[in-house]
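In what follows, chain A forms one complex with chain B and a second complex with chain C.
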Partner chain A sequence: MSLKNVIAPFSAWARAVQKPFTVPTAETFRPGADRYRGWHINDTEQCIGCGTCSDICQNSAIDMKPVDEPNKGDSGLRPLVDYGRCCWCALCVDVCPSGSLGLSSNYIWIDRDPDVFRYIPGVDRKEWDSDEKGWRKDDGFNLVDPDRVPMPMMMPVEDRVKTWAEVVLGYTEAEARAEAARCVECGLCVAACPAHMHIPDYIAAIRDGHYDVAVNHIYDNNPLPEMCGKVCTRRCEDVCSIGVNGDPLAIRWLKRFATEQFSDLSAVLSHEQPQIGTGKSVAVIGGGPGGLTTAFYLAVRGFKVTVFEALPQVGGATFFGIPKYRFPLGSLEKQIKLMTDWGVEIKTNHKVEPDEFKQLQQDYDAIYIGTGLLKPSSLRAEGEDLPGVMPAIEMLIDHHLGKTVEVGQHVVVVGGGNVAIDAARISRRLGAEVTIAYRRRLEDMPADYEEIEDAEAEGVHLMTQNIPLRVEQLPGGRLDFIWGPAEMISEGGGRPRPKLIEGIENHLAVDKVIVAIGQKPDLRWLPADVAEQISNSWGGITCDENGMTAAPGVFAGGDLVNSTADAISAIADGLKAVDGIINYLGLGTKP
Partner chain B sequence: MVREGDAGKKNFSSVDDAIEFAIGQEIKAANFYREFAGKATHPGVKKMCTEMAVEEDRHKEMLEKLKAGLPSGLATDRVTDLKISDYLRSFRIEPEADQQDLLIAAMKSEARAEQLYLDLAAICTLPDVKEVLLRLAAEEGGHKDVFEKEYDDNILGSN
Partner chain C sequence: MFDINHGNLDDSPDVGQEIVRRIHDRFGDFPARFQKADLVRLDVPQKDIIPVLSWLRTETPFVQLTHLTAVDWLEDGQFELMYLVTAPDLMVSLHLCVRLDRAKAEAESVFNLWLQAETYEQEINEMFGIHFPGSPRQGVPFILEGWRDMPPMRRDFDTVAYCDRTHPVRPGREHQDSRVYVGRKFGEKGYLK
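Showing the complex of A and B:
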């Protein structure tokens, strides 16, 4: 060994007395570049807690933590970032549906406590929170396609009003799978759905081509999915995270696609359930969505269930209230057939009267009431008793029962809900010129916005801020629909209300005035003592958290009980009643 | 329940006189609702009548406080008038009446009460009594407003 090699290790000791080249902190802090990927920032007002950032993180560096109560379209969770794992790839920012997440341009953070490097951006305040530089999601760049796959519709519009054929044609397999691939499986939709359907699960199954799996997920808590897939109010889509900056997933149409893959649902559905209801019987009065849901999920559990329906066909408002160009009768009959095949007994043209109700209370272990709102609210204007003034609900029922409905050449439909729109579009198909007269503004109309758009596309004329004053007879059997304009007034920040502007009268000559201002409950088919016991001051029914009324063993749901007045809410009430009935009869909680 | 022709055209000689008259009207209204609750056959109408009677009792208590010189909460100005009852036709309420019928009857009754106090105030020669009558008219207008908003929300929800 040479002398140099012996001395070399000791030469390092000379550094001990020299000034170090490194410094403990930077003398010059160079600002990060404009698009530098530094520490996370999050606009917590814009953030909806969807968790997509956590899902995409390749290093599991993001956990979702509760910071607030969940709210409509907001899980109440916010991302917590762990800088022991984060590699600043910014995938979390690029995928963020709301655009709330970003990376600041700040990269300097010195602290002896390693725990501080796990924090919730936007909640745990940092000096870089207001940094306008840094990495943000590029406009126009999306990891998830923000645009919905278009739904094929019957075109042109002129053809639609000549036929009762279904207007919405449905997705092809390729279209459905492409649309399903847009789902980030955040689950915000599940909370928003009144029935809490397993939406991400069935969408994932559709994406992967497993349609039988999708249908089984759907049928776990919805026995009328083909109906929902065509006419649901789709609260799920209102909160879809992709819908924040793009088109929400077409959840409704994907549900339709899945169920339409099978003409015989029995072949793909698994209905094995513990037969806890053997020997027990339940009477369901009213064959609408709520009643059918209750009947189906009790029947598959071994209960003997009988549905009593006053009309010739079950379905409730989904039968008589929804025109067949939206929801064909064959679609309803397919779903009903599954129910009867699996043990639900249905008696149509059977209106329960007070004496029979008393007998049902003796003969059955529980009763479910789902008779809905069939009594139309009347105009209470002068002239409403003239021939040619008719309630929309009666017109719809007659039409769906195959009776001839004469509407003449020109119709005015009073109202702005889905019943009004349906009456208007049916009248168009019967050859009439149609005007809708609505008291409030277009944005206040409770009807589905797609229905309003389709009605206008089909030539229905909308008159808003229109208050009916009276109806007078004209020569030749025609009617003079006299109306006054309304101004909208606001009080205390609530919804503006229409107020008549006096002194102005407008006239519209029509053949028919169709009144669709609303429906109200009518429980006079019940024994008077039961009706008084279970009704509230508005004539509907009040139920407890289990769906049971003040009469023991009598349950209720649907439009008589809830204020949302849509089919999916009625289905949710039916599911609640199933649990309630099982517990009431001491059979344990629903498995 | 104020009916056509109630009170004629009275010229009250004192504030207490006017308030006593108004208390009598509230008692009449509460009695009407309670009596109708006994006759009503439509499910739920009994309950609605009872609620309305309780509300009329509350109005009576406000007037009694006013008479005693206590803070009453009585209206000072007329609230917005939606005029819903103006274009609904009048009818005689029957035991088979439903909630829509009852609300219309209640709206029109409050409208008549408001007009009655306005008419009484118009012929009144005493400034302090006139002021009370105008406040009573505003209060009845407020009651009408409550019923009209309930009608707007619950009966005209789709229109």
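Showing the complex of A and C:
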């Protein structure tokens, strides 16, 4: 200890008789300058709880606190600032992706208790909450790049409709790493992904160039990630915090990049799962994404799993529905190969019929049903049975099974989902002029926005607010597609609904009318008593929280169970069934 | 043309261009960038910086040192000193930038040209650990009393670690990492690992 330290208390005493160095509080309040950096304010409605403010703070002055239950797009956390550490650098404000955070111009706050100088701005109300002045992020100023690295296309758009080749080229290594570097790792995407994939972890691994690590994160809860990397509905991107004021991270393209780095997946993937399923067998009926997920992760645990698939190839709608220019067959086969390499037995061209189902119940310890939606919804307009009016799903299946599909010179596709867009773009490639007729507005279309853009770029003509009235036969085999315009009406706060404007009839002469207004489950392959027992009012199957139907030991998932009807939801259902089957067989709660 | 040394620089249609031309003629072809109508940036080698600054101070209207600061180019192994020299009558400034060897971290003082450089050099000395031999208040604390750590504006200074060491986290502080929190709340799970 130095001499100075010893005498310090005494020199402090000596000051006791001097005039104090401190000054009394300003009697008149002097407002801070326009861009003064005072106490924090936060618009908590706009804040998404991403925690980026907390991450960037070089003084660890910000804690994230739960203030609400999390939902998709909002963690429910809000920043709490500890002024024992804050240095008012405003980095937190400058980085905030939602733009909700600011510093007020107020800088005076007096209290005897030092512990009060921490609060959750916007939640713990303060008198400066509505201060218009102070520090805000400048318009156009961003610490994180708001612009997505554009995805290069394989060929100019005019050539695309001449081939079945994949349209999207994929990122180069440099592009992928630059895109990955935009991620702030908030994890909001994890909530939005139905399978809760480890998104920030694989993006960070891509950024660092560790693609093997990325792929191991990716396969940890998705056995068809290359498919998802090409065609996923990417709910994750809808909630990306960078997307609030910029382009969301290209999560789908990054996943695609990582999985495409390896042609032999077993060489990079590994697992150490205990073989809890040894001696147990599970039958999976329907080789769609949901069934394949259940099969894969059970096989990894030592179960004997057999997949029964009616078609010559598994993949479900991702094989027979999604066009090859979006999801090439080779990519599907590569992912299926890993499954068979790791023990999944696949029986194709094997449609399960009622009697066989009963037998499977005897022979297997559990059953998973994932037979999807194969029955087309009808047009419900006069003339729907005329030759030339065809369901999109049948046309797609025929096409993907290599049968010749005649579309003629001009087709109209009725619908606005992915199935409609795919039928339209396939028809373009088969040489037809294509018009899409959709009941609602462009912004209401359930199809992926990039799919819609691609379709338009390939010359598909979009007609919205279009209600089919009837189809009539024209001389020479053509069809008259008769439709009326619709107006959008909002009732009771729900999404606006199209209403036919009576008295107007428009005509479109076409060769084919392709109907893509939805598919329904077809459970006729089940024994009548089982179908009765497990099906619900819309013809689908209802499951409990473990993915089990009303029939003990019979699990189900995918399009015929969930309401979202996309590949990743089917995969999530498949994961749920993995846990459910393990629990049902009393093999432990932890997979 | 006009003669910069006789004060009629203010007639120049573009004072910035003219002064750069003069510097180029006299000292060498340093890279110049016109940052704004009233601001020109010049990258000057270390051996030339004092002659350029002395000449500006004594023989041109650029008589005022408006600012002196530094940047740490950690990856390049260099520091950069940035002198902002202004011609007050013309309202034009020169940004003279010079790179130094980071390991040596030493530069000649301009205290003899501008008295106020003493304060800038004291601050840079404290914040970046760059030494200006002969400058009056080197090593005298500027705003950091009793500082014992690495100069805090050096980029290899770990601010968070320093903060954690010196301002211990107050009791009752708890932080939820959003990525971990969201995963837990939504039942994020792995099936291979």
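Here are some notes:
To be clear about the criterion, the second predicted complex is superposed on the first by the 562 of 591 C-alpha atoms of A that agree within 3 Å, B and C clash if a C-alpha of one lies under 4 Å from a C-alpha of the other, contacts with A are read in each partner's own complex, and residues count from 1 in each chain.
The rule we apply is simple: contacts are C-beta pairs under 8 Å (C-beta built on N, C-alpha and C of every residue); 3 or more make two chains touch, one makes a residue touch a chain.
Note that the coordinates shown come from a computational prediction; the quantities given were computed from them, not determined experimentally.
By the touch criterion defined above, A:196 reaches chain C but does not reach chain B.
By the touch criterion stated above, A:81 is placed in contact with neither chain B nor chain C.
Of the two partner chains, chain C is the only one touched by A:58; chain B is not.
In the superposition on chain A, A:378 contacts chain B only, with no contact to chain C. In the superposed pair of complexes, A:221 makes contact with chain C only, with no contact to chain B.
By the touch criterion stated above, A:560 is placed in contact with neither chain B nor chain C.
Contacts of A:101 after superposition on the shared chain: neither chain B nor chain C is touched.
Against chain C, in their complex, chain A makes its touches with residues 49-51, 54, 58-60, 62-66, 69-70, 75-77, 82, 84-85, 115, 118, 185-188, 190-191, 196, 198, 200, 216, 219-221, 269-273, 297, 300, 575, 578, 591. Note for the complex: chain B touches chain A at residues 41-48, 51, 79-83, 86-89, 98-100, 104, 149, 152, 154-159.
On chain C, the positions that touch chain A within their shared complex are 159-160, 163-164, 167, 169-170, 173-183, 185-193. By the touch criterion given at the top, residues 375, 377-378, 380-382, 384, 414-417, 419-420, 438-440, 446, 467-470, 484, 489, 491, 497-500, 502, 516-518, 520-524, 526, 528, 531-532, 535-540 of chain A touch chain B in their complex.
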